[in-house]
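These are the structures, in structure tokens.
Below, subunit A partners subunit B and then partners subunit C, in two separate complexes.
On to the complex of A and B.
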């Protein structure tokens, strides 16, 4: 494997970032107002690589909160009246810097939904394919990070094209894919180092971080439970009581993929767009008849956790639909904690 | 705070044992520092799940809405005012509610603490005359007022306005507080400045509606932003739609908002939307001498008419 070194002091990093912008739209974690950190277009700013993780996950780079798909006019004097036309889309390659390994892995989970043999979401797929993921390994987990027990880890490479490892005064970068290779060329980061030594250094960083994890998610028994056993478990009333159904957990989650389609008109011009939706919202399952099969919050909370921790697991046999980034744990305003719920589900035995 | 917890448990146990209530709504200790989870207990043997500290900030009155059981509820000053609102708006029946009053010295703001710790991860916070913050970067002491939640700094009703039980002696109310310093600053701005101010204020809103859902006042069966027949507001993150939501929601809270701060507290994006409700609170105060949630007998100014209501707007 090729490993490249960038010394941070020499301005090489910044220069490369600048060079890149000729070929990519570069994103990275930046501070917004009010102490909120999110992935933003970098422009001439340097990504803030010291923050542990952003508030919103980077899923929005590939799957924006609001995205116009089609355009139309309602003007009957126009020939193309009522015809749906593809909206222009910026197809420029994108590069994401400082994406954490948990978040990178989340794209592979989302891919199972957006890119299947039978159904392909062209908006998601084209954005995803145009994106190069330059990840940043975690040297220190937060107390709410549980990527390791979710099946990934702080140096996980799945979903990444490059893995940057921070050694304070320099980065060692593992080049994982041809896309990653290409990016390194464009940035003129070409200082290849002896890979045996470098890989050994990286491994020791990895082990040291893994030893620092203080929390985990319990999932070992989930597979063997039956759906109905968990669905009918009595703990949902208590565990869902505090929930505000605000959807924060689903909006900040890298692996939540639900969206709604809306038409919006302004005068005669209209667009058909995708907007993030959330199983926590009452409207999510509201039928045209007025009936709502998930009409109360207990049903909605159960849906969120059953989907992540049971339905997904059963359907794909690829672990849970959670990469352990801890965002929902940190940002739920009333402390609904997926670790607590998973423990309840994992430990639950229905009495016969 | 241990004292408060002990007392809450004692009262809850007694009420449940005596069969006075079907459930007690309070908080249980959070799984992280600086947050606790709204929680209920239905059996006397579970009362030790109840917990209290200065991070019990979300307004529990929100959890009472439309419940039919006989409920004991732990309530700070602001929560109790929202319970009063609920009673006069027929969202709960007074005779079904037992208020366990908590005299409050102000809740601590978790974001202020995080900021005081320089963004380093918080491990533990100990409240006291000084607040001790233990973070990964070390231990730090700060003045309590520097990390008190914004709305609590200017709160003038720290003691519950209605209660059946009290967990401690009443605390002294704050006097000579200027509640509207921030609103006055905005009022003094030019139209353009105001526009810019609101643009920035709401620029990171993701429309999760946590602010609305945490608010005890926002109990409409279908919120105007969720209506689809007809649809009043677009669903994207278009700034006009975001502003429509915030401005209209604030109007719906006029004369009802108690400035409990739940909306701000729960916002995942740190948006300070209380200025909107405060402006309307100020108007209600200036024009009708009205403060929400203080009286079980008087009707709020916006759902009644009095001959001496100000009428200067009729030209």
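On to the complex of A and C.
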């Protein structure tokens, strides 16, 4: 494994960030108004690497909140009137700088939905493939982080092309893929160091962070229960009682990917687009006849957690559909907490 | 990479108003490109997304049969945004079709078996496709007895009236058409709700007899106990679901019942399968 060192003081770091923007559209965590941090295009700004979890997850870099798929004209004097065509897409390579390991892993979870044996979503896949993930390991977990028990961890490498580890005055960077190698070249970060020593230093940082987790999610028994057993459990009423169906949880979650398709017309031209949607909204499942299979909030809250903690687990056998970033826990206005719900599910036994 | 969101362009070749309330129209489409027609290989029970440019898409069961070449047929109820707009369109108009989607009726299992088709209201579309498919001279020998129980509110609300009449005349299919109430003094078929007629006319259950049932929830609710009474086991009762859909390819997340997506893993399920999933349909 190749490990590269960048000293922060020498200007090499900022220089590299500038250089790589000749080849990539580079994103990183930046402060917006007040204390809101999100992934933004860097330009000449330096990413804020102290912030751990941005408000919004970086999922929008690969899967924009609104994305044009097709375009058309309704102008009857035109020959191609009513014919759907593919819209041009910006195919420029993207680099996400300072993405945390949990968020990087979330793309692998979503990929199972968009890249299947039967169908491939060309928008999601091409965007994903054009993106290089330059991750930053977490030296300290936040109080609401439970990535480790969710199956990932603060130094998790799955889904990353590069792993930066912060040693205050310098970074050590593990080069994980050819894509990562390419980015390092473009940024002219080429100071290769003795990897045995470097990997040992990284490992000790990792262990020290992992020891500091104060919170976890319980999932060990979920697999052995049947869908209907959990679905019919009595705690859903109580757990969903306070929910406002505001959709914050699905909006900020890196592993929520549900979307809607809408036509938007402007004069005679129009586009067919994909927009983020949420299982927390009644319209999500409303039939044209007025019937709604998930018409009340208890059904919708149950859907969100059953999807993440049971349906996904059963469908793919690749763990739960949650990377433990803690965003939904932190931002839910009424403190609905996936850890508490998973605990209830995990410990539930139906009495026959 | 093939784009599964891009519809094939089609032209409306014919429009037939099916019912006396004029809320149901059958649209016949032809493909603008020959190669698209060749790519569109489907089985009875599958559906498509009909794309009305500038309005959106709706999932509609394919009413034509794969044995009918050169066109596709769909029967559309006027409900909301897209279906109402479709009802205003004219022969010659251009729109789009994506598909075919979904799993279809289990034709590999149904071969060599007795098939009982039970339909109500306008949910007869993919059942029409299935009947035409089975009655095709090449296919008919592959099936044993075929029974069809089909009901609507009034004679004027039945779909595909001419075809129903022609099937009535055949001896290789047993038709049991019924209406809730006949307002026509010349009505010569059954009167009564579908569950009642099922109880009287459906063949007894055995391991070689499968029932396919499609209709409004209320009809299904009352027909299922009748089939239970007749001894049909739940893995011999086949149903097609209609959840709200958008993508039709298992990605947008809205049509699930438990871990199954109705658009991709369905829309056809046996009752035995449905018994194991949340009743979110």
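Assume the second predicted complex is superposed on the first by the 352 of 352 C-alpha atoms of A that agree within 3 Å, B and C clash if a C-alpha of one lies under 4 Å from a C-alpha of the other, contacts with A are read in each partner's own complex, and residues count from 1 in each chain.
Keep in mind that, in the parts below, contacts are C-beta pairs under 8 Å (C-beta built on N, C-alpha and C of every residue); 3 or more make two chains touch, one makes a residue touch a chain.
What you are looking at is a predicted structure, and each value in this text was computed from that prediction instead of being measured.
Undergrad: After the subunit A overlay, clash or fit between subunit B and subunit C?
TA: Once subunit A is superposed (C-alpha atoms), there is room for both subunit B and subunit C without a clash.
Undergrad: After the superposition on A, what does A:114 contact: first (subunit B), second (subunit C), both or neither?
TA: second
Undergrad: Looking at A:236, would you say it contacts subunit B, subunit C, both, or neither? Reply first, second, both or neither.
TA: A:236 sits against neither subunit B nor subunit C.
Undergrad: Go through the superposed model and pick first if A:262 touches only subunit B, second if only subunit C, both, or neither.
TA: So A:262 meets both subunit B and subunit C here.
Undergrad: Could you work out the angle between subunit B and subunit C as seen from subunit A, using CA centres and rounding to the nearest 10 degrees?
TA: The three centres form an angle at subunit A of 90 degrees.
Undergrad: Now for A:144: first (subunit B), second (subunit C), both, or neither, which partner does it touch?
TA: After superposing on A, A:144 lies in contact with subunit B but is clear of subunit C.
Undergrad: A:122 contacts which: subunit B (first), subunit C (second), both, neither?
TA: second
Undergrad: After the superposition on A, what does A:52 contact: first (subunit B), second (subunit C), both or neither?
TA: first
Undergrad: Using the superposition on chain A described above, determine whether A:339 touches subunit B (first), subunit C (second), both, or neither.
TA: Touch status of A:339: first partner only.
Undergrad: Just subunit B (first), just subunit C (second), both, or neither: which does A:289 touch?
TA: A:289 sits against subunit C, while subunit B stays out of touch.
Undergrad: Between subunit B and subunit C, what is the tightest CA to CA spacing in Å in the combined model?
TA: So the smallest C-alpha gap separating subunit B from subunit C comes to 6 Å.
Undergrad: Can you list the residues of subunit A that meet both subunit B and subunit C?
TA: Residues 260, 262 of subunit A touch both subunit B and subunit C.
Undergrad: In their complex, what parts of subunit B are in touch with subunit A?
TA: 30-32, 35-40, 58, 62-63, 111, 114-115, 119, 121, 123, 200, 203-204, 206, 208-210, 213-214, 226, 228, 234-238, 265-272
Undergrad: Can you tell me which positions in subunit C touch subunit A when the two form their complex?
TA: Contacts found on subunit C: 1-7, 9, 51, 53-57, 79-80, 83, 93-96, 217, 242-244, 246-247, 249-259, 264, 276-281.
Undergrad: Looking at the complex, which residues from subunit A come into contact with subunit B?
TA: That would be residues 32-36, 38, 51-52, 55-56, 65-66, 142-144, 238, 241-242, 244-248, 251-252, 260, 262, 264, 273, 275, 278, 281-283, 329-331, 333-337, 339-340 of subunit A.
Undergrad: So in the complex, the part of subunit A that touches subunit C is made up of which residues?
TA: It comes out as residues 69-70, 72, 74, 81-84, 86, 113-114, 116, 118-122, 125-126, 226-228, 231, 257-263, 265, 270, 272, 277, 279, 284-289, 291, 293-294, 299, 303, 306-307, 310-312, 314-315.
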